[in-house]
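Below you'll find the structures, each written out as structure tokens.
Each of the next two complexes has subunit A plus one more chain, namely subunit B in the first and subunit C in the second.
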Partner chain A sequence: MQQVINKVKPEIKGIEQGETVVLVIPNELYSQKIGGIARTVAKKSKAVCYVSLNKLINALEPKLKKSGADVSKFLFVDGITKSANPNIEEADNVMYVGSASALTEISLTLGKIFNSGHFDGFIFDSLSTLLVYNNPKTVGKFVHNIINKIKAKNMTAVFTALEGDTNSSLLKECSMYVDNVVHLK
Partner chain B sequence: MIKKKPKINMAEIKNQITSELKNGNTKDGDKKLKSNQKVKPEVQKEKLSGDAPVTKAFDMAKIKKEISRELKKGKISKPEAELKAQRAPAEHAAEQIVKGKRVRKYIKTGVPGFDDLFENGIPKGNAVLMAGGAGSGKTIFCLQTLSYHANKGHKCFYMSFEESEERLIEHMEEFGWNPREMIKKGNLMLKRMSPFEMSRSVEGMLEREKGELLIDLDPVVLPENYKPDIVVVDSLTAVASAFTGKEDSYRIYIEQLFRFFEKLRATSFLITETKQIPEIFSTTGVEEFLADGVVVLYNFKRGDIRENAIEVLKMRGEKHRKKIVASQISDEGITVYPEQEVFGGME
Partner chain C sequence: MPGFQKKFLDAIREIGNMGAGQASGSLSKLTSQKVVLHTPHIALKKIVNVPKVIGGSQEMIVGIYNSLKGDLSGTLLIALPAKSALTLADKIQKKKTKSTTLTKQAQDKLKQIGEIVTQNYVASITQFLELNVSGTEERIISAFGESIADLALLGVKGKFALVLRTEFEIGSVKGKLILLLAMDSASTIKQAIQKKLE
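Now for the complex of A and B:
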């Protein structure tokens, strides 16, 4: 695991506070890399908002912990667990949204989180999942809206995407909104 | 040169938040951020290559509670409107001198966030069409507005052509609005009426007054000496269905109804059932022409979920935001988010 972390770290260490970056991750390395990214962002931030659309929270949190990320700094916005288990019990560090299609609800929740003034780090996991549930045009509009909110608060933000989506219209569009697109090896 | 990392005084941040929470000043996140600026700039210059200052673990439960509370409130974007609301009762909050000595009065709905869509509020005495599809929150919106006003001692009247009085009371109780107390105080009156009786009586009257379109019928039976400030009609669609095949009679009735509310000087909210994304906002189209205002409530389907939104389409005599904004229906009623864009649903 340490090897993975070391691979991730140099590639994002140049990101300055207030920058927004899309990290394009090779499909086969996705679940390994995400832990390293979370660890690195957590280490450099006071508090991190982590949007998870991929993994159920009870699988994601232990995984991030295992990767060495300080999850006590994380507030999760979970867009997947509730659709799998509608009766999930509330947790102190998780805000559940109905589905990865609930873009307005996600945007609203993120707006309130950013406005709370506690958070300077942000991870969006992932743009590729967003594309599975929504059409690219709507996702583009949504990502632009989120990035504007992030920029207004001078937060550091990392959006992840699968390498397989490199040629998608969304990633091309996102490259206009973000400061940098980094391809991880 | 190695920069020395400044230590963040977490206790100070917590104290600031706690004190702002006690003041009830949790509506404006930007302000809260401002109060944190003593701390933030030091962090802003840091590069990610350096470690963040060592801090105590965050109390995420407390932060989450704070954010959840915010979500229920809606964002109040106009501090001036808030100040006015604090200084005076709602109906006087937007009093204003317009050219010369004319004074215009406005009412607030009490629906969090909705009143911020207007410069002042809904002009008092306006007839407002509340148009929307099933599940868009038309009835909840109107009951919420009546609760707000009844609690302020205003006389509120709900004409139901669909649900029974008891069902409406239960509905209000589900949101914790205590309607029985309002009824006991005489500030709220719920009345179920039969649209078919209404249609028969209008027909009978038209038969007697053949050829005379401007008959003076009483379209609403109100108790003697009862003069409501706010009236809700739920719904014009139910009334229209009782006039099926007699469209001319319906138009006459609607015209009389609007004229009656005008005479009463009551602000009225008239519910109409439409498609989820409507192109016309009433059964015949004459209602939206006669109404002073049209508010459209949406219930968009997006993938496997539905999202609510609201729009002020027109409001005679008042400037308003021309945008579809997000809204949510929770167990406390409707909250409108004037700054929140709605994604999809329209395409």
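Now for the complex of A and C:
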């Protein structure tokens, strides 16, 4: 039986290979922490799939580089740009999905990426954005679906959630499927 | 910073005010509530500084996004905290229970608001300045914090942008109406104003 431990930590250096974690980040620290999270996951991985529902890739990539993350290891799944610009063209390291409301499209895209076998690191940013369009139970099922695929590949996975925009129902749902829920401070 | 006299910025602010004022009448009928508009803030900024003018809110924001085309290119964005977006959609649908997620129906109602605002804004520009401007299809976007500014800037090319920001309230709902124009479009407006003043 898995044990969920709610820890309050200043960083996530202790994340283990193959571990799945929900990181609850205070809203005011989100911009500050996201670079460090990407850097940590990249250090532990050969290749990382980064799903971004909060930041456009053209703004995220420079931010991650500045934080010292090795972005050459990243494949980005951008779930935000296409909602404003449906005609955006795909780039070598970016796949675009319709929006944060398109759970099926996101699932299918991630399925293809995971099945390639290239990736051992995963970042999902963020679960809170999914809550705008979906209830916690639906988001929980979505996370469960993704986790099953991640566990089959022994991938290290981090799901971010914003402290101020996340409710306890979401954390309760997701805690059933992940190894740890960590509250960053 | 390109030269842009105060009188032109004031004139653009006034045109934006007219558009927002006309839109507020339609919104008031739609929501059966008074719409309060605050004095618009106008600024010419380097693109990198635009997020500070728009405001990098530390909460989830829902935006009703529209691109402008024709004689002007830019973005018209209504930015609402997620909870306000839900409240506003509930008001228009006259729902008695509070929604917790933005359903397709709620998104369509918000797009309706976007359409009203765009039509009124564009009408004030086209009628007064005799420019040919129209909006594209409304889109619902959501992002955290300063990312909403990054989204708004997608339709704006160049090193500088003209930002017109109007804060508004509809009952408990608080939001921002943001017009972002590329510099060449700001210059087009300036020339049209000059022509009017001759």
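Basically, the second predicted complex is superposed on the first by the 171 of 185 C-alpha atoms of A that agree within 3 Å, B and C clash if a C-alpha of one lies under 4 Å from a C-alpha of the other, contacts with A are read in each partner's own complex, and residues count from 1 in each chain.
In the analysis below, contacts are C-beta pairs under 8 Å (C-beta built on N, C-alpha and C of every residue); 3 or more make two chains touch, one makes a residue touch a chain.
These numbers come from a predicted model, not from an experiment.
Peer 1: Applying the touch criterion given at the start, work out whether A:Phe122 contacts subunit B, subunit C, both or neither, answering first, second, both or neither.
Peer 2: neither
Peer 1: Residues of subunit A touched by subunit B versus by subunit C: which partner has the larger set?
Peer 2: Touching more residues of subunit A than the other partner does is B.
Peer 1: Who does A:Leu56 touch here: subunit B (first), subunit C (second), both, or neither?
Peer 2: A:Leu56 sits against subunit C, while subunit B stays out of touch.
Peer 1: With the two complexes superposed on chain A, say which partner A:Glu16 touches: subunit B (first), subunit C (second), both, or neither.
Peer 2: A:Glu16 sits against subunit B, while subunit C stays out of touch.
Peer 1: In the superposed arrangement, which partner chain does A:Ser45 touch: subunit B (first), subunit C (second), both, or neither?
Peer 2: Only subunit B is touched by A:Ser45; subunit C is not.
Peer 1: Once the shared chain is lined up, is A:Ser83 touching subunit B (first), subunit C (second), both, or neither of them?
Peer 2: In the superposition, A:Ser83 touches subunit B and subunit C alike.
Peer 1: Output check: A:Tyr30 vs subunit B and subunit C. Expected answer is one of first, second, both, neither. What do you get?
Peer 2: second
Peer 1: With both complexes superposed on chain A, which partner does A:Leu131 reach: first (subunit B), second (subunit C), both or neither?
Peer 2: second
Peer 1: Let me check the overlay on chain A: which residues of subunit A are in contact with subunit B and also with subunit C?
Peer 2: Touching subunit B and subunit C on subunit A: residues 83, 99, 101, 133-135.
Peer 1: List the residues on subunit C that touch subunit A in their complex, please.
Peer 2: 58-60, 62, 65, 82, 100-102, 139-147, 150-151, 154-155
Peer 1: Tell me, which parts of subunit B touch subunit A in their complex?
Peer 2: Residues in contact with subunit A: 8, 13, 28-30, 32-33, 35-36, 40, 43-53, 55, 57-58, 60-61, 63-64, 66-68, 70-71, 75, 302-305, 307, 309, 326, 328, 337, 339-344, 347.
Peer 1: Touching residues of subunit A toward subunit B in the complex: what are they?
Peer 2: 12-18, 40-41, 43-47, 72-75, 83, 92-95, 98-99, 101-105, 107-109, 111-118, 120, 133-135, 137-138, 141-142, 145, 153-154, 156
Peer 1: Which subunit A residues qualify as touching subunit C in the complex?
Peer 2: The touching residues are 27-28, 30-31, 54-56, 58-59, 80-81, 83-86, 99-101, 126, 128-129, 131-135, 162, 164-165.
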